[in-house]
């Protein structure tokens, strides 16, 4: 009887719990558990319950599952997603049922386009966790430019090949870096996208190799593809710097690539601070595998931000319910009044009405370091203030 | 010169790819020919082979060749078990509509195996860096990983041994005989049950070896079988279901077709193009490229 | 007194035969009426959505059985025709601003046209080759839908406007109920007609059918067209019910789902597939929390049914009815009112 | 040599063979006659293990072979040539013949047998590489008989060997059977060609509606009025 | 002249299964086609009835050129057939099997398919219940079923392929009577058969094929006298009952 009196808030959390990115889903779930354990799953006298919504990495399945969570499980608020296409499809559902949903990774452009097409309708989908790739990826150009200026590297040509997985993310990243390289005076000689899950890159790589490029840059989000690409690049004897954005997203990547990943550049958060390392070790101790900083790590931060939102809503609006969440989002989160500074990775997580739904990017806010992998470890080589060493150039390219 | 190089690369890449398609397709074709089973769980046997090789190589620290052989042995056993558990009772009970019923059973098996793998190993990727270090450079502008070359050679050897077995040994001939007339085979003294179990196990073994050979390229995970399954169907249908010898040619054709598409049109269009070509061919050769009409290759 | 009784009997009989003519027996009709009343009493939106989904799959299974159970070709690319209807309808609304009410029939038509092509493609092929041809066509369509990003948004998914601007589900419920009924009745009427006889003849022996004067090409194409058209119609509904389309609607796994329902229900019976969908969709939904175990069970069910009850639920049902019938007859025989044995 | 006791066989609920008993002595040629649907084929199939009888037993060379799987029978020296031929249609004529010798391990013996059947049916040697599936009805029948002979059987059971054959080939078949008998092979034959069959057979059984209606020597059967009328079309 | 073939040939790869066969069949005749196994008799029938088109040559039926007509069109022209290897619709009842012929063949006014079908079953003296599934019948019963189905299409021309194979002499007499009855009802018949007794007793005219070629054509008496025929086919007199 007393249970009925207890107030419960149901949070629907979307993640790729099965399917090609299931590993990421697992990390999400675990890191959210760790974050909510810290507050004992309570906000005031509200008990927090999570409903795990499996996106299976598919836009349509995710939308169906989200809708099911709304009508069957009667969730009050949504939290988190990974893929941008999942965000885009669930945005539609959130708008239909007017369910506020906080913080989704989805880096690609479709969410932004959708939001801009009707801000009023889509205001329920509150904020991206991961900004558009072009805002971050400028780090690559600066790193390369610096290495050239310092005389560390004399590229044989100013030619670039862009590759990537054929989805919203891969294409968004590809076209962003393409433009940046072009602006920096490089020539993009080929641009190739492959299907999700492709593991055969000999034709693609030999094509790139024939073009004699100095840099191959792109992103593939699933581990089999990206590790196959890296390994085969070495097998065919590609003599170019490889920029593989997101190689380190999944903790087990090194097992798959081995030292074929040496010298590869990536731009990804690192376990740099002592708090971050502690989180990593706690996680490993509790769940038996090492988390990725960009998935479990960032998700832990956003969970912290989300808890702060819940607490603020209770404090400022008196009760936890859909309307108040929406109010809190519109009045405090979107205009940047409510920000989060206790995170492990960024100094401050903040939104502004100008950049919404992207977070504010730049020093002091949201920024990723550029790292270079050697023997399975990432060394930070950009920006200046975090730098651990200069870029290393492999023997055969000097 | 540039163009020649390009073609050469395509040829090499296509052949390497095609060899392994052939290995898969031979098994699929064999089971269809002998047991009239359109096996939709062939990809899961490939998956079992990949997992087996992974554990053999990383956990039990067997050598590459032993790992691949171990995978072959395990899938062979898995084949025996599957045949005895699923197809034997079905055979005892089904008279009519065998092809459809057994096909549905394979769908069921595929779902069971895939989800059991998820349950036992999770959805993560169990991969290795490589079996053999090193690479080979030979006229080509690109060099080729040892793994691929050896994998391809294993495929060729296995297929050759297999074709020899089918045509030149008494057991092999018995397998072919069963594929054509079961009553006739019994009459001349062939033990049907044994041959059918053997056939399924051999086919499973071929798929398992393919999965094991490719472990360094495709890590093991529960749903990894789907793509190879599709590809082996393409090959088997293209050349005529049940035609073992032609499956080899078919594997190479599909492998090349895909590589050409990949290089000139774009990765995503591989399936569209190779499927369109296969559809066109079927329109003119309804029994497949090398199928013979009136002779039982298709079902009736 | 006696006369009045007679006319009532007659009237009832007339109704009954009319109902059976469209495939409804009294039990079926009663169940349908019960189903139609559900939204009046049940306010749980989730349950309604579940029923909508069940009815949709029921209609799909019937449309599938129309080909598989009668002309004996398994359209292994069935889902692609469902998807074709969905995409066509969705695109017409999104790109050309059509009303969904116009676009859905147009989608059905597009699928139907594709059905004609498919029918023509498979004419010369028998058995597994025909199935593979349909499968390959579907795979090519799936792949193309994924690659024509400019048109379909590819795997990112295409957002499609909904049919009704409400979060309530009863309008969809009645619409799909009507569609399901229409599909069921249409298929039953066709199967009971001479055209249906031609389908069955072709399915059992094409050559004998041809030498008895049946134009196999025409009927085969006709069958494919109708089946695909219906799939497209249901696809159009789906598009505007679910609101988002990705190429995965065309995926083989959907065909397998529909096929499993049709076969577990009992192929070639029309009502078997319908009933099995109505049972299996909710059951699978309620077992969702079992995750992998659920699918393992599902696979095991398929194996079990195909091994021990290849005629599906209909087979089991007929056994039960036969058994009851026998019991009754035994009873009657015992009480001395043996029915006259028909002389044949 | 072969002894069948009280065989009962059914298809599902439909019983088609009732209490059939047969006895065949060594070196004998025994015919089983009867109208269509009498259950002759069914009887043969249960003897050879292709159908499981409900009841009754079969003994071959003193050994109980009821329920023995079909594939073990050739090892015991029993060959069966079914009505449907059951050839390996995608294999060559020669491969079919070699399969017939599946139970023989001795290569020289196989060669000898091959020579023997080729001499018997020269048409087969002419067509040794043709696929069995593309042969005409009569050619296939020859091949089926030849395949049966390849295993050096002690007892050969033939189901309607002359069906669908041209007169010339029918003669060839009966001449072969005659030769088999000279070589002391026991023969059980089911035939519609009653007249000719009875000229060759020692004894005959007549089956009607699933039961043995009559059993006697060929001469007696031939002179039986009922048989003359029903099977030879010679009435009074 | 109900049927006339001009140089009909059918080649399978290099094999000349039927080679340059010309025949003329008059209305109301029973025309016999005989020849050794593999002579091409079935193949010749297939060319006429539209199973596949002849490689060369033409077929005229009732004065119209029907070369290359598909099987169903041949049927609509008034041709019906039975098969050497029987073909039925196994999951349909006996009655439905025959109804298929009645519905899709040449429909006559005032006939219901059911009525026509049971009439034809009675006509061929079908021995079993009409609601039995065809898959439960044996070969002989199926042959009668096929005959009924063919007749139900109201054909004028009937092709029979070894209908009497495997019959006992008593049954042979029945079938002989039936064939004659069908002829008398106004149907022309082309019959392929190895049983000389039947052929000789019913045929008005006979053609003999050997290795795909026609080697003789004439009345039964002429054929029996023909030396080439005797050598190629008839062989042992013993078998000519």
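Going in written order, the chains are labelled A, B, C, D and E, and every chain counts its residues from 1.
The rule we apply is simple: a contact is a pair of C-beta atoms (placed from the backbone, for glycine too) under 8 Å apart; a residue touches a chain by one contact, two chains touch by 3 or more.
A quick map from chain label to UniProt name: B = Branched-chain amino acid ABC transporter permease; C = Amino acid ABC transporter; D, E = ABC transporter ATP-binding protein.
From a predicted model like this one, the values you see are computed outputs, not experimental measurements.
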Shortest path length from chain A to chain C (Amino acid ABC transporter) (each step joins two touching chains) | 1
Using the contact definition stated above, find the chains touching both chain C (Amino acid ABC transporter) and chain E.
-> none
Relative to chain C (Amino acid ABC transporter), chain with the most remote C-alpha centre = D
Geometric centre: closest chain by C-alpha means = B
Averaged-CA centre spacing for the pair chain D and chain B, given as whole angstrom = 42
Distance from the mean Cα position of chain C (Amino acid ABC transporter) to that of chain B, given in whole angstrom | 34
If you average the Cα atoms of chain B and of chain E to get two centres, how far apart are those centres in Å?
-> 47
Cα centre of chain A to Cα centre of chain E, whole Å, reads 76
Considering chain D alone, which of its residues make contact with at least two other chains?
-> 134
By the touch definition above, chain B meets two or more other chains at residues 118, 266, 268
Do you know which chain E residues sit against two or more other chains?
-> none
Full enumeration of touching chain pairs = A-B, A-C, B-C, B-D, C-E, D-E
Chain E-touching residues of chain D, taken from the complex the two chains share = 14, 35-37, 134-139, 141, 160, 163-171, 192, 194-196, 229-233
Taking the complex as given, what residues does chain B use to touch chain C (Amino acid ABC transporter)?
-> 32, 38, 86, 89-90, 93-94, 97, 99-102, 104-105, 107-112, 114-116, 118-119, 230, 233-234, 237, 241, 266, 268-269, 271-272, 275-276, 278-279, 282-283, 286-288, 298-300
Which bits of chain A are touching chain C (Amino acid ABC transporter) when the two form their complex?
-> 18, 58-61, 63-64, 67-68, 71-72, 84-85, 88-89, 92-93, 96-97, 108, 110, 114, 166-168, 171, 195-196
Where on chain E does chain D make contact in their complex?
-> 12, 15, 35-39, 84, 136, 138-141, 162, 165-173, 194, 196, 233-236, 238-241
Which of the residues in chain C (Amino acid ABC transporter) end up touching chain B in this complex?
-> 74, 121, 124-129, 132-133, 135-137, 139-140, 143-144, 146-147, 256, 259-260, 263, 267, 292-293, 295-296, 298-303, 306-308, 310
